[in-house]
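I'd like to ask you about the structure that follows.
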Amino acid sequence: MLKVGIIGATGYAGEELIKLLLNHPQVKITLLQGLVEKSTPIENIFKNLRSRTDLLCTNLDLEQIISKVDLVFLALPHKVSMEIVPTLLKHNKRVIDLSADFRLKDPLVYEKWYQIKHVCPQFINEAVYGLPELYRSYIKKTNLIANPGCYPTSIILGLAPLIKNSKINLDQIIVDSKSGITGAGRMPTPKTHFPNCYENFSAYGIFSHRHTPEIDQELSFLACKEVKIVFTPHLLPINRGILSTIYVDLKNSMSQQQLLEIYINFYKKEPYIRILKEGELPQIKDVAHTNYCDLGIFLDKNRKKVLIISCIDNLIKGASGQAVQNMNIMYDYKESSAL
Amino acid sequence: MLKVGIIGATGYAGEELIKLLLNHPQVKITLLQGLVEKSTPIENIFKNLRSRTDLLCTNLDLEQIISKVDLVFLALPHKVSMEIVPTLLKHNKRVIDLSADFRLKDPLVYEKWYQIKHVCPQFINEAVYGLPELYRSYIKKTNLIANPGCYPTSIILGLAPLIKNSKINLDQIIVDSKSGITGAGRMPTPKTHFPNCYENFSAYGIFSHRHTPEIDQELSFLACKEVKIVFTPHLLPINRGILSTIYVDLKNSMSQQQLLEIYINFYKKEPYIRILKEGELPQIKDVAHTNYCDLGIFLDKNRKKVLIISCIDNLIKGASGQAVQNMNIMYDYKESSAL
Amino acid sequence: MLKVGIIGATGYAGEELIKLLLNHPQVKITLLQGLVEKSTPIENIFKNLRSRTDLLCTNLDLEQIISKVDLVFLALPHKVSMEIVPTLLKHNKRVIDLSADFRLKDPLVYEKWYQIKHVCPQFINEAVYGLPELYRSYIKKTNLIANPGCYPTSIILGLAPLIKNSKINLDQIIVDSKSGITGAGRMPTPKTHFPNCYENFSAYGIFSHRHTPEIDQELSFLACKEVKIVFTPHLLPINRGILSTIYVDLKNSMSQQQLLEIYINFYKKEPYIRILKEGELPQIKDVAHTNYCDLGIFLDKNRKKVLIISCIDNLIKGASGQAVQNMNIMYDYKESSAL
Amino acid sequence: MLKVGIIGATGYAGEELIKLLLNHPQVKITLLQGLVEKSTPIENIFKNLRSRTDLLCTNLDLEQIISKVDLVFLALPHKVSMEIVPTLLKHNKRVIDLSADFRLKDPLVYEKWYQIKHVCPQFINEAVYGLPELYRSYIKKTNLIANPGCYPTSIILGLAPLIKNSKINLDQIIVDSKSGITGAGRMPTPKTHFPNCYENFSAYGIFSHRHTPEIDQELSFLACKEVKIVFTPHLLPINRGILSTIYVDLKNSMSQQQLLEIYINFYKKEPYIRILKEGELPQIKDVAHTNYCDLGIFLDKNRKKVLIISCIDNLIKGASGQAVQNMNIMYDYKESSAL
């Protein structure tokens, strides 16, 4: 059994990781760490875990990690992850980092968007961006996964086939995304106060959301030239799920059938991408609590406009599920184990 | 124009008071005070008030109240109200206190449930419990209203006709209440964090909610003997509204028609009580954003069981609307003004 | 008192009209008609109206309208309105039609999108598109108002200042709109079944929503040349409100301040348009239950991208409130009466 | 592999059965039948099943059932089940019936509450009421399970320990239950129309809900004398879950610890009952999507009042999960398989 630890176990991503990994036939959770004052049964923090596990959550302690686990999931805030990753790697631990710390390849871009200097830029290039649909062969071999952000997962998966195949204008990509409120984390704030969310809806982070450089970087890699999207996140008054509505312009005309086939071909071996039939609409409830990304592709032939709707569960395919999928690939387990 | 001030203007009750009073033809809001670091346009706090008022909210300042207003609404937490009420009354201000500080007639009961000694018990007896359906004639003449709690309003209105007419056993009254989340106030807490409320439901304060002694006191006055109910509040995953399901046992059999007539007679002159026809079910959406209390009365004749469903908007009839109704009575305005 | 009738009183727009008009000091509702089998107190249909009115709702009957009212609100489905409007106008009734029947100036466009031949195209040009912010002077004088659709209201108000002032490229306007579920009407369908909506979100009507030609028409009038937007509506799991996120490209660079001033100037006399300060975000709860349209304007100066967020209550500014505003203008009442 | 069929596969209980059984290591779904016009991939009906199964749903056909399955789950409306159960049993099929048809032991009671004569009363006594916590040994051996209703499951599990141990007065049991809206089924009605449920709450079926005789019957069996509860269901504006608040009177005083121990002992071998620690509150989100029943037990010692809060997922422990648990017991599989 692979011994795994979840560091940052008291957030929503941590909770989902615990639930998924408790069902994994080849994995044993040997360590949970989080912001707790003293050692606490995890079922006291996540009451739905009552009687399902007697694991304790302890405070952050690097030595414990080193002595008790083979693989570490870091579900920590950015800035904290990069402090400990070098030590973990030095001790031959494999690391799946769910924070943003190793996603951006350029430390100056990181510094600009996260307002802090990167403390171990030499490790950035070791990190593989953990989107299996694009980087599966690298994921197999790496010791450090930068697990993608939730918005980027939905957007990159929606755009990759068209960009990789050079089918669209790169200077006119508009992405209008909507996320459930678990995306804002487990800490109560005025923004997440129930009466401020219920029967409400709003945008936020206009022209300034931190996932923007991550999306631009990955799309630029696919395009082999610089891409800058317009990205607007919104806060949906539901718990889970992201739906991204993506607007692009085709370079050349094509039929709906040709368009769909680009997607079908691109993802033909992917177990967690579902290309919907012509006219079918993705919706959040179809992917909630699953690792699927549903893609609906629509064409306005006359105007060469394409609209892509990409739908995921922000906590599963957008975070913990994808992390488990990456683990399965790294250890050559069945890719759907525990998913 | 009557000059009124709202002290504690930055909470939900304050917000509703502002909205109601801005539409009152005989009233002018001359003062808003609340927990603000510096003088702030109230529209910056409640964005829906943009362009509807240029009132400023200033910090608590007793002298300002004394110099600027005739009538004061105190939408403050308990403990704070009783500190300032004596001074306000001494300066001949009339006061409508939405806190719990003057509701309980026995200062020892207050001390037991609120864990603090009452600082001006001599004023408690001057206070009139501001439930117009029971105490209208006293409300007209008093300078100090103890505005009822939200749960007590729904429950006392539901039970008063049967208790006042000595129709039920007093030792077997069960009240199962459900309230929207604005009832928990404007301060974010884990309990009111959106993902903890949405797609969820729970009870709280079992055998221990602070509204219990207030309800027991008022029902005991009506019964002329001690009444102790069983009261369980629950948190509904909606913003506004309270529905109380009340279970009682009749002393003697009666028909559904006789039962309804007790209610119809009791409330026949009341503008804000609606007795539903036989078989009709009260629901929160019918009273939301109004000052109405809807009552549905159901009989299991064989078993002499009566079920009363009482429904109000917790922020209107359960707080600010009732406060305005009390003001209208105190000043002999049309009782429905601004409501 | 102006005698008004509401035809189609049993839908959501009818309900809101009743509630608004009951509070209008110069108006008396003398007739309610709708799809009812027999004459029914309206409070039996909309239970929240209990004790607030004893109006009856009767079945459709053109003669009754002619004999009892001065002004008719038609809250009917399209196709039904155009059947009766000619008769109403012939009898010198003034008509505010909330359906789509007289919004599109070109009967062939109407026929294409609504799959039915227009039965009285000669009246289309008499109709004034009832958006007060653009057509107030025409509204004053007309006998037939084509009251705008909910999505078009939010979108046209968001774009008019920039288009009228020739500031943007007209071939690259993307509108991503989100509407509460009352927008789908009062008839239960699988699409509006609670478990299909709650904890869910989806787009619909992609490249094909019937409000598209209405929006294109009005924007084209403003631009004095043909405009075709890309418009995607989504279904928000809330009751009321529309938020439209609008993406446009400036022709020439300008500052955020210059941009805001275009909006402030354009709407400087408008009582129901609120231009938010730089950085402030419109949200549905700030306009719910009001006739306001909140506009937030954002600039990415380097890329000359402008993002406009336009927010209304679909049932008020998007339907019944706007209809009442139009009535107030037609009869020279205070524009805010009952609003 | 056990061949199972799900008849009535197009309702919510059917959907959950499919999802659960697809993960069962010893079971193969060989047949889905439901109200479909023609043979249809089930993923076209439940879109979240896309790519997870290629099962077809066909119309009701008794011969197909007989030829293709060993065990039949009937997720049909009442009245339909009893028409086919005799034939299925005659062909040696084992049957788990999720309808009400075989729950009531007295056919006259069935007739009174369901307004139809029972067509095969001779089979009622063969049926075992499928509540594993009470009837596990009978479940093992039967060929016909009457799977309990959702409300009854939550209520009987909450009361069984006290009634079986003769600790409470039987003539004063009040049950106030609240259920998510999936409980009303998959057919759109005004009652389940989103705008009628959202930001709303109401009771229904007062003194008349069809689950009442089922609850009374089972409690009477436990008490060995007639029990009649007062039961009020309410409609919660959420998708899933039931929370029942149960009020009873102890015959004799006891301590909180003694009270808890009665529950702990009664359920000590039960994998799906969780007795919460003193003071902990059950909530729907802790049991959602699981087969658990969470029980919180509260005592007002002075008044000898006990309040029990019982919480389940109406679609899992209240229907499909319990059905799978019953199957696991019938076939001696691990009781938690697929759960």
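The chains carry the letters A, B, C and D, assigned in the order they are written, with residues numbered from 1 in each.
Assume a residue touches a chain if its C-beta (ideal position, glycine included) is under 8 Å from a C-beta of that chain, and two chains touch if they have at least 3 such contacts.
Just so it is clear, the model here is predicted, and its values are computed rather than measured.
Chain centres were defined as the mean of their Cα atoms; on that basis the chain farthest from chain C turns out to be D. Remark: among chain pairs A-B and A-C, A-C carries the greater number of C-beta contacts.
Chain A and chain D have Cα centroids separated by 37 Å. Centres computed as Cα averages put chain A at a distance of 47 Å from chain B. The distance from the centre of chain A to the centre of chain C, with each centre set as the mean of the Cα atoms, comes to 39 Å.
Residues of chain C in contact with at least two other chains: 198-199, 237-239, 283, 285, 288.
Residues of chain D touching chain C in their complex: 12, 181-182, 186, 188-190, 192-195, 197-199, 237-239.
On the side of chain C, the complex with chain B involves touching residues 47-48, 50-51, 198-199, 274, 276, 280, 283, 285-290, 292, 294. Residues of chain C that touch chain A in their complex: 172, 174, 176, 178, 196, 198-204, 206-207, 228, 230, 232, 234, 236-241, 243, 245, 247, 281-285, 288, 298, 300, 303, 305, 307, 309.
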